[in-house]
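Would you mind keeping the following structure in view while I ask a few things?
By letter and in written order, the chains are A, B, C, D, E and F; residue numbering begins at 1 in each of them.
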Amino acid sequence: MHLEEATWTEVRDTNPDVALLPVGSTEQHGPHAPLSTDARIAEAVAREANGTTDAETVCLPTLPVGVSEEHRSFEGTLYVSPSTFRSYVGETLRSAPADRVVVVNGHGGNVDALHETCAHLTRDDDAPFATYWTWWEAIDKEAADVEMGHAGAVETSVLLHLDPELVGEPLEGAESWGEYIEGAPLAYDTEEFAENGVVGDATRSDAETGKKLYDEAVGSLVRLVEAIADL
Amino acid sequence: MHLEEATWTEVRDTNPDVALLPVGSTEQHGPHAPLSTDARIAEAVAREANGTTDAETVCLPTLPVGVSEEHRSFEGTLYVSPSTFRSYVGETLRSAPADRVVVVNGHGGNVDALHETCAHLTRDDDAPFATYWTWWEAIDKEAADVEMGHAGAVETSVLLHLDPELVGEPLEGAESWGEYIEGAPLAYDTEEFAENGVVGDATRSDAETGKKLYDEAVGSLVRLVEAIADL
Amino acid sequence: MHLEEATWTEVRDTNPDVALLPVGSTEQHGPHAPLSTDARIAEAVAREANGTTDAETVCLPTLPVGVSEEHRSFEGTLYVSPSTFRSYVGETLRSAPADRVVVVNGHGGNVDALHETCAHLTRDDDAPFATYWTWWEAIDKEAADVEMGHAGAVETSVLLHLDPELVGEPLEGAESWGEYIEGAPLAYDTEEFAENGVVGDATRSDAETGKKLYDEAVGSLVRLVEAIADL
Amino acid sequence: MHLEEATWTEVRDTNPDVALLPVGSTEQHGPHAPLSTDARIAEAVAREANGTTDAETVCLPTLPVGVSEEHRSFEGTLYVSPSTFRSYVGETLRSAPADRVVVVNGHGGNVDALHETCAHLTRDDDAPFATYWTWWEAIDKEAADVEMGHAGAVETSVLLHLDPELVGEPLEGAESWGEYIEGAPLAYDTEEFAENGVVGDATRSDAETGKKLYDEAVGSLVRLVEAIADL
Amino acid sequence: MHLEEATWTEVRDTNPDVALLPVGSTEQHGPHAPLSTDARIAEAVAREANGTTDAETVCLPTLPVGVSEEHRSFEGTLYVSPSTFRSYVGETLRSAPADRVVVVNGHGGNVDALHETCAHLTRDDDAPFATYWTWWEAIDKEAADVEMGHAGAVETSVLLHLDPELVGEPLEGAESWGEYIEGAPLAYDTEEFAENGVVGDATRSDAETGKKLYDEAVGSLVRLVEAIADL
Amino acid sequence: MHLEEATWTEVRDTNPDVALLPVGSTEQHGPHAPLSTDARIAEAVAREANGTTDAETVCLPTLPVGVSEEHRSFEGTLYVSPSTFRSYVGETLRSAPADRVVVVNGHGGNVDALHETCAHLTRDDDAPFATYWTWWEAIDKEAADVEMGHAGAVETSVLLHLDPELVGEPLEGAESWGEYIEGAPLAYDTEEFAENGVVGDATRSDAETGKKLYDEAVGSLVRLVEAIADL
């Protein structure tokens, strides 16, 4: 069930077991990929799993703005503070029409905030059990011989599968995410280590790989929601 | 320019004068209209104005969850506190790629929070000038012989124009919004005065009226953003 | 019962049904009317209704500082943020010696904050039922042929009835409140549209009209508290 | 200058050096004294000093609700949290029409919060210099052979001077404030050690002593504001 | 029982009646005494009482940073806001393995915040009973002919007893703490009245007096925790 | 320089380049290791690096209570909310006597909060550059053939090197940290997957390995602070 298209009486009559909340970001993804990349992929995966699973699930609307301050120097990046993000996600989940919720996440910068939010809700007897799942953690990137990076081969491939008309000429970017000494971060903003905003080599992207990764992600999410529905 | 489809380099090169932020809600709209009604119409109007105006505008992604606690007893309604809504909208606007922003609003319950947020940003020299506009305030409901209500003839007509496949059999609802004595509210939750969630008479809806109202709203918003671009 | 003059044992023995909390502001009211105009009228109306009604009511002390940032450029205006105002009013009401409370309001800028506060309290089982009433919304301004404005004919007339020695030469001010395009506000501070702080034509004021309006307001509030005492 | 009776143009033309903010509480003062005792005395002293001093001062309206949770079990006591009190006082002082402010305090429970608030404002270059003064700390209670307590001989005497019609039969109360072991408090609420709410012996009150104490307090405050005006 | 050296199973098996939380500060104590003076003495007293008392107590780890903004201009002073200190102390106490807790305090600047925190916890049925005790309030300074001041004869003497190797040449400092007119503070930061940071005459310190004062403090705390264990 | 033993004049004269803040937790570490394990190791490593490095560093006092709610069901665990921890750490770092700070962390549950805090400080021009380093991330656990776990072979070995008298009979615990489906966490509290609180096999601990790991950690931290001092 897709909440945005349902009426309240349909939700009442269906009484879903698990709610999915797609969460992404609106942030730079290099000169070749759209600002909505993270929200777009999270939404596509969540909706497809929602339409595929045997569990009684409901997919909530996508929250498009996340914890992206690290990209703030690149035009078009939208962001809120971690504290505001936690409140907005957490209160939305509290009001969800199911007592088990899964945040379907498309942005690495959201993960810490989602962990804190989901733990807090789950410990509260008056709130739903909550967990979070990040799509690219669920796929076998090594088998596909692609690296995650940022706007790199993994994300660009999936975009070439889902929305090829939104993808420009894929580019090479910085070799790795961030600067570290002895494991301690020296830089918190992307512009300090990635001139065009890309991390990794997006020229290694193709739509076929993208389809494979996407299908893997959907399969993983389907297994997760079915397991949670059975808890 | 539609931010979700643009890259950061396109935003940088365009350098928009005015950003539009569609804001709605996900809340009950009676047994005949979808939970996304408010977000859906705000988004449609904002995107159409964004694509029509002569001003250099950018349309941001739609924020789908608003101040809807009054509908909480109807299944599927999502809501956050006014305080969290103010923070999420306000910080999103602070990061917008324009120094003038217009919130395009589709939900009455958001208005007070938007006023407070936009005033606060505008008074802050480090934040954009911000204003807010609610689509049904801009149309001549009397001329069209329809009343606003909630999921009533105005909203249902516009939905019949935009997304007829999502609209069920329109219904009659409560005669008026809320209970008052001497102008003081006695009830804060919809269930206290509207059994099926509808206020007004949605049976008076039709798609033709909806198109007229919608076009009027788009026209008004176009005039607003052009005026603001010229400030 | 007037709380400020009572002892705790008298409150215990009386056990009031409804508490009235006058709330105003201390803000510019033009060169002719005192900064306390809003608090003064709210207090007078609340005390008179409290002394007149057949219900068992208690009038709390007047809160003199409200949401008046819009007048900050006029000397002598005091203000707190909406958030602080909500907390101060809300916590005061939680501690009130009655399980039904009515905020008697004298300042338009307080209304949004009072709505949010009263809804929040009413939804909380551990707090009193709360509503708010703004005196000039309860009177027939058209019948009296006066307009509200700010420090305009309505307020100045009531002041001429209540405290004529505090009123200087009434003045004309701006023709209307604020600047708008297509219903969207362009200005949040009074100085942008009212040079002397007045909105409307205070030269149309007189004490006789003031007495009429004042009596109407008191009558309306008496009816409200009696209805609430009977809920 | 009394702010409540002034217009904004008068404040602008006078341009005061020091603002006085009377702050009290609305809380039980035994079965013989009014709930407004603390606000009432603070207001009287502040207004008299304001009218007497040679400095250019302005007296702001009295804030009637303070940090009185310790009296919550006695009917009619109003209170806010220390945090809300700090915000309401602090923001009011920030907006005061003078760059030096003195809080004229009538309630012991407010002192810690006033210290924190005044220190915070004074350290902020964008806020006024702020200090606070509690009337009974400034008088020679030993010379007058009266003890402070709560609703005891000091407060009751001053009330007998200022508002004798509001004072009932003075009573004896608990011998001392609170319960302590080795200096550590065991009780935070008055009801745990004072059955009728009184601490000290109010039967030792008389109006003549009250006048003496009151005049002393006013004299002290006058000296304070004159010194601050000269800083 | 010393919590830092215990395992969770030992705490479970012991099930203490009272928890002690040493709280100090890291702030300037003149050119002769270490920045940790307040934390160091509070910790020593708490641990000794914990090891001496007949009650079943547990000593928690020392919180080293307190409300010391007044010393911020002296290098090495660490501080947090009163609000953050209240939260950190209060939440630590909520999680303590006993339903009665005593904060053993070594810094005057913490007292107001501790009062507010302990009152708040004690009034909350889901939190432990909490009180606070400041070591130098419990000793007979007059009998020992020493004055408290800041890094003065009392503190320096105790340091000479506990950690003589950390004490340099004791110095004379300002004659009294702060500047006041009519009891109202004019200065909130130490640098305004104490050039080297010392208040009082530390040259009057000696280790023997320090031992005496220290033993007195420990004795007082032992009596306190035994009384609280018996409540 | 060890801040706790220094005077303010010594700090002023030394003017350190980098401040180290040890941060740990007080939480269950199984039936064999002390509750202070995380704080104890972080403190030891920080102090040793501070005493070894050629850079001008200052070691601040250890913050003993962290983000440990996941262990709350095991007696003796102390914890604060992530929000309070961020404030306490962040404000302490703001007041540190160096414009570059390194948090030396001993508890995995603190990492997300430290990242957010250090990023926030570093982005603020009025705060120091801040980074964080977790000791066991810096060592070659594979080479030493030990696994981290919780109170497992890594931590227990280091304790056997540093404080053998505090270590009981090492135990085996749960095989892995937490329960997950498809990478999504199902449990947020340790008790759900580790009956005695241990994760990993502490019976594989020995002091010699502990010394090796400890020396590695100190070496890594020394290199980090020297690099940061040279930035």
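As a working rule, a contact is a pair of C-beta atoms (placed from the backbone, for glycine too) under 8 Å apart; a residue touches a chain by one contact, two chains touch by 3 or more.
All of these numbers come straight from a predicted model, not from anything done at the bench.
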{"item": "Chain whose mean Cα position lies farthest from chain F", "value": "C"}
{"item": "Geometric centre distance via CA averages, chain E-chain C, whole Å", "value": "49"}
{"item": "Whole-Å gap between the CA centroids of chain A and chain F", "value": "30"}
{"item": "Of all residues in chain B, the ones touching two or more other chains", "value": "83"}
{"item": "Graph class of chain-chain contacts, one of line, ring, star, complete, other", "value": "ring"}
{"item": "Ring of chains, enumerated from chain A in the sense that reaches chain B first", "value": "A, B, C, D, E, F"}
{"item": "Partner chain A, residues of chain F touching it in the complex", "value": "69-70, 82-83, 102, 112, 115-116, 118-119, 122-123, 131-134, 137-138, 181-186, 188-189, 220-221, 223-224, 227-228, 231"}
{"item": "In the complex, chain E residues that touch chain F", "value": "3-12, 15, 26, 28-36, 39-40, 58, 60-65, 72, 74-81, 83-85, 87-88, 91-92, 95-97, 166, 168, 197"}
